[in-house]
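The block underneath contains the structure these notes are about, expressed in C-alpha cells.
Letters are used for the chains, namely A, B, C and D, taken in the order the chains are written, and counting of residues starts over at 1 for each.
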Amino acid sequence: MLSIRMEPQSMATSLTGIFTPNMTPLDAAGQINEAELRRYIDWLIERGVHGLYPNGSTGEFTRFTPEERRRIVEIVCDQTHGRVPILAGAAEANVRETLRACEAYKEYGAKSAAIVSPFYYRLSPGAVYAYFRDIALNTPIDVTLYNIPMFASPIDVHTVQRLAEFPRIIGIKDSSGDIASMLRMMAAVETTRPDFSFLTGWEPALVPMLAMGCHGGTLAMSGVVPEVTRRIYNLAKAGQWLQARALQMLLTDLFDRIIFGADFPEGVRIAVEARGFRLGASRQPIDASQVVDRTELARIINSLLERIDGVQT
Amino acid sequence: MLSIRMEPQSMATSLTGIFTPNMTPLDAAGQINEAELRRYIDWLIERGVHGLYPNGSTGEFTRFTPEERRRIVEIVCDQTHGRVPILAGAAEANVRETLRACEAYKEYGAKSAAIVSPFYYRLSPGAVYAYFRDIALNTPIDVTLYNIPMFASPIDVHTVQRLAEFPRIIGIKDSSGDIASMLRMMAAVETTRPDFSFLTGWEPALVPMLAMGCHGGTLAMSGVVPEVTRRIYNLAKAGQWLQARALQMLLTDLFDRIIFGADFPEGVRIAVEARGFRLGASRQPIDASQVVDRTELARIINSLLERIDGVQT
Amino acid sequence: MLSIRMEPQSMATSLTGIFTPNMTPLDAAGQINEAELRRYIDWLIERGVHGLYPNGSTGEFTRFTPEERRRIVEIVCDQTHGRVPILAGAAEANVRETLRACEAYKEYGAKSAAIVSPFYYRLSPGAVYAYFRDIALNTPIDVTLYNIPMFASPIDVHTVQRLAEFPRIIGIKDSSGDIASMLRMMAAVETTRPDFSFLTGWEPALVPMLAMGCHGGTLAMSGVVPEVTRRIYNLAKAGQWLQARALQMLLTDLFDRIIFGADFPEGVRIAVEARGFRLGASRQPIDASQVVDRTELARIINSLLERIDGVQT
Amino acid sequence: MLSIRMEPQSMATSLTGIFTPNMTPLDAAGQINEAELRRYIDWLIERGVHGLYPNGSTGEFTRFTPEERRRIVEIVCDQTHGRVPILAGAAEANVRETLRACEAYKEYGAKSAAIVSPFYYRLSPGAVYAYFRDIALNTPIDVTLYNIPMFASPIDVHTVQRLAEFPRIIGIKDSSGDIASMLRMMAAVETTRPDFSFLTGWEPALVPMLAMGCHGGTLAMSGVVPEVTRRIYNLAKAGQWLQARALQMLLTDLFDRIIFGADFPEGVRIAVEARGFRLGASRQPIDASQVVDRTELARIINSLLERIDGVQT
C-alpha cells in the first residue's frame, strides 16, 4: 500500500534509535541484584538496543532511594562500558538534589540525564520552565526532558520551545502518545535547534512518529522484545513502511496486553521474566487479584518473535 | 529527510479524500440562506474537495430543527448534482427518527449517512453497539460511524470491530486525533473488511494518518482553505511526505488559532467569511468577550495560500 | 450525634421541596403511553412529591421529538391540575426554539421552565451566559438554570451570579454533586436575590445540601421511592439531622446501585417498574450484556421502604 | 435560617479538631530554618490548632530529602512537647522505607503517621490496599490514610472499608472535597469502627463535612488563619451552624484566592509570610509570571480576622 524511503539525516542529532528503560532486578531480600542486572544489560545490547535508560518509569525510579538510584546508574554504565550511550534518569527531591545526581551520573559516564517534569504537584508551564531552566544552567551533563503527562506535570509546546534555547537541553522524550503535539514541538524547535532529539515513549505511536521524523524511542517493550523494536527501527530507516506498520500492529497488541493487563510496570516485569531473567518481587506489594497469565504472555511473545524472523530488514 | 511513495490501493474503499463538513449560511432573520449555501458548495467543489459533509459538528447540526437538517441535505445534494459524493450527517432523537432522516437523505441522493454516536448521555460500548446495530439493520443507505469522544459517547476499537460485520457500515470518521487508536481500529477491521474507510476529523493528525494508510479526512479547515487540504492529500498520494509534512505544520497552526481562539465552531465561521462568504450570525449568541481578530485571521489565511503556490504537487 | 432545627425561612423562595424528574412510559409501539403516565403522576403526587419535572435527564428528553416533548408537558400539567408546581424541561435546538417551547409550556400551566445549559458543544462561560441571557430577556415564563457538567456545558459560579440579575431566572438545579461549588453560588447570589432557589440533582448530596440551606432537590430517586425522599426532606425541615443522615446513607446505596448498575437512566426505568408501572422498552436499544437483576432491586427497594416505616417524622 | 446542636460524641475518636499541615521555613541557603519553624509551631498552638501535620502536601514533603523529612518531624515533636498531637507525614520510596520513617517518628513522639497513597504511578484499588496492608501489619505507630486523588492514587470507599479492619489504621484524611464520597466511607466503616476518624483536607467542604459528622480537618488555611478555622470548629461543636456557614463562605473565598492564584502551595507560603513569618524562597523555582499580590492578600486576611472578632463562639 505504501512505501517510504528515509534519506540520511543532514544533521546528526545527539540521540537516535531505541533506548531501553530497563528494569532493575531485585534479589530475595528486595535488594538490587547486581549480577542479574549486568546479565540483562548485556542481553539487551546484544539484541540491538541503541541505548539504555536506567531510572525511567518502567525502571520504577520512585521505589528506590536516592543512593540506590545512583548505584543503578553506576552499574549500568560500568557494564555497558561505552558500547551504547546511557540516558540516566535523574529525578530527585529538588533542583539541588537533581543536580547532584547529574554530577554523579557524569562521573559514571552517562551521556545525558533524562529528567522527568516535577511530579506529585501539578505545576503550571511557567514553573515547569523555571525548574528545567535552573537545571540547564547548572548541569555538568546534557539533559533530555521527559514529558509524561499521565504521571507528571505536562511540558507543553511553548515550554519546550523556550527550553530549547539552552544548549544543555538536547532533546525530549515524550510519553503522551500525542503525535500531533509532538509535531507541534518539532515545528517550534527544529529550525533553531536542528540537533534537538525527539524520542517517543509510547509504543503504539512508534511507526507514525518515525514516519514524521522522530529520532527514536525509549520503549518499555524494547526491554521485552528488543529484536522487534530494533527491526521496526531498521525497517523505518530503510523506508519499508508497509512492513514497519505490520510489525507496529503486533507490537501494539503486545503493549496493550502488558500495559493494561496489570498496574504499570508489573506487566513488564512478568514479560521480562518470560525472556529468562529473574527480576524478583516488586517493592510495591501486589494484590492477589492482579495475577497475570504468564503462560499466555510467553506464548504471545514467542509468536511475535517467530513472526519477525520472516520480515526482511 | 524522508520521502514516501504511496502505491495505488489494491482494493478501492468507498470513501476517499477530503470531505468538507460545510457550515450553513444564515440570513439576517437567522434562516437558512439557500443562495449563499449553493454558492459556497460550488466554491468548495471548484477548489477540489472530494466530498461534502452537511450536518457535521462544524455544520452546527444540533442548532437546526429536524426539518432544517433535511432541507440542508436536500440543498447540498441538489447543488452538488453528483459532482462529488455527499456524506450526510444524521443524528435525530432516536433510532426511528434517525432512520427516517436516512430515508430522506437517500432520496436526495446522498451516498452515505454519517451518524454520530449517541450524545448527551455517555453510553457504554454495549449500548453504542446496539444503537448502530439497529440502524445498520434497517437503513436504506450506507452508514459511516462518527466518533468524536469530546462531544459524544466514544466508539471504541472493539465496538468498531463488531459493527464492521454489518455491510451497511462502510467506514468511520474519527475526530479523536488519536493515531494509535485509529491504527488499532485498522488492525481490527482491515483483514475482514478491506473496503472499510478510515477518515480523520482532526487536522493536526492528517499527514501522519495518511502515512499510516487512512483514506482521507472530514476536515473543518477544508471549508476554509480547500486548496491547502487538497494539496496535502495530493502530496501524500504522490509520496511527497516531506512537503506534506511542511504543509501539515502550517495547517496545524491555522487550525490551532481557529479552534482554540473561540468556542467551536465560531472561529470556523469567521474564517469562512474571510474567504468571501456571508454566513450570518450564529444561532448560539456570542458573548462580547469572544471577539476574534478578523484582520489577523485573514492575514494568516492569505499567507498560507501564498505559500502553497510554491509547493509542487 | 447531632441534631439540627431548621427555622422557618424568612423569605419564601419560589421553588422548594422535592421535584420528580419523571420518566415517560412508552407503549408497545414505542409511543407515549398517556394513560400510564397519568397514573404515574397521580401516584407520585399521592406519595408526597412537591413538584414534577418532565423532560429532565431522567425523563430522556433527548430521545423525544420537539412535538413529543410538548405533549409530555401538556399531559403532566393537565393531570397535575395545579396540585403541585411543574418545572418543565425545555431544551430545543436554539434560543428561538427553546423560547417557543417556553411559550407552549406557559399555556399548559407550567410554573417554570428548567433549561439545561447548551450541550454537545462545550461552551465557554461567556457563551453559556449569552444563551441564558437571551432566553431570560424573552421568556414568558420563569426559568430555572440546569447545571449538569457531566453531560452539558458547565454553568460556573460567576455565570450564575451574572444571570441572577435577570428577574426571570429564579433558581438553579445543580447535578454536579459539588457541595462546595453550590455554597460558592449561594454566597454569590443570596444577598441580592434572597428568593433564588438552589436545588440539588445529586441524591448522595441531598442531606448535606439541605443542612447548608438548599431549598430542595430534583431527584431521580423520588420517582422510585417518593416516600423516602419526602421523609428525608421532612426530617431536615424538622431538624432531625441524625435520622435524615441515616436515611441518606440508605438512599445513596439505592442510588449507587441504580445509577452505576446500568447506563443512565435505564436503572431508573427498571426501578420504577418495580414499583408497579409499565414503562415499556427504552428508545435507546439495550445491549444484552446490560441486564439488571430486577428481583434484587425490588428486594432493596422494599427493604428501604420497610425501614422508613420505623423513622419518626 | 438554620441552627444545629451537636451533642457530645458517644465514642471518642482518636483524632479530632483542626490539624495544621505546616510549612517548613527555609533560610537563605535553602536549608531548614529551625528557629523560625519552632517560632511558627508555637504561634499555631497558641492560636488554637488542635494538632500539627508536618510533611503534608502543604508542607512540600516531596521537596525534602528523606533525612530532612525526619528532621522536620523531630523538630516539630520536640517543640510541641506534647501540647498537641502530631500527625506526621510519612511517604518514602517503598513500604520498607516508609516503615523506617514510622519507627523514627514514633521515637520522636508523633501520635500517628499520615501516609499518602502511592503516587506517580496510578495504582489500582487492589495495589493501594496491598500497600497500606503491608504497612498496617508492620508499623509501630498508628496510621492515618491520606486520600488526595488529584495528586496520588485514589483510595476508594471499598478500600477504606477493607483497611479499617486493621487496628493500626485509625482514620482517613480526605482532600477530595467530595462530601458524598466521605459519607459513603462513613457508612461503610462507622458501625465496625466507631473510633475511626474522618478528617477533611478541603477547606470549602469543612462546615458541611462537620455537619455530617466528620471529626475535623487538616487544613492549609489553619496555617494562615488558625483563629478562623478554630472558630468555625467551635461554632460547629456548639451547633451555631448559621454562623459557621457564614465564616465558611469567607474561608472559601480566602482559600480560592490562595490556592488558585498560584501553583500550590506557593500561595500558602505568601499568606503565612503575611502573618509575620519568614519562610524563605521555595525550593521549586518560581517563574516571573507567577507573582502574587502580597498587599492585596494581607488586606483580605486582615479583613477576615476583623470579622471573626464579631462572631460569638
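Keep this in mind: a residue touches a chain if its C-beta (ideal position, glycine included) is under 8 Å from a C-beta of that chain, and two chains touch if they have at least 3 such contacts.
Every value quoted in this text rests on a predicted model; they were computed, and no experiment measured them.
Engineer: If you take the mean of the Cα atoms for each chain, which one ends up farthest from subunit C?
Structural biologist: The most remote chain is A.
Engineer: Quick one: compare the interface residues of subunit C with those of subunit D and tell me same or different, with half as the dividing line.
Structural biologist: Subunit C and subunit D contact each other through largely matching residue numbers.
Engineer: Could you give the separation in Å between the centres of subunit B and subunit C, each centre being the mean of its C-alpha atoms?
Structural biologist: Chain centres of subunit B and subunit C, defined by C-alpha means, are spaced 37 Å apart.
Engineer: Using the touch rule from the top of the page, what residues of subunit D touch 2 or more other chains?
Structural biologist: Not one residue of subunit D touches more than one other chain, so the list is empty.
Engineer: Which chains are in touch, pair by pair?
Structural biologist: Pairs satisfying the touch definition: A-B, A-D, B-C, C-D.
Engineer: If you look only at subunit D, which of its residues touch subunit A in the complex?
Structural biologist: Those residues of subunit D that touch subunit A are 30, 57, 62-66, 93-97, 118-124, 126-127, 129-131, 133-134, 150-152, 263-265, 283-290.
Engineer: In the complex formed with subunit C, which residues of subunit D make contact?
Structural biologist: Checking each residue of subunit D against subunit C gives 1-7, 9-10, 177-180, 183-184, 186-187, 202, 204-205, 207-209, 211-213, 239, 241, 245, 248-249, 252-253, 256.
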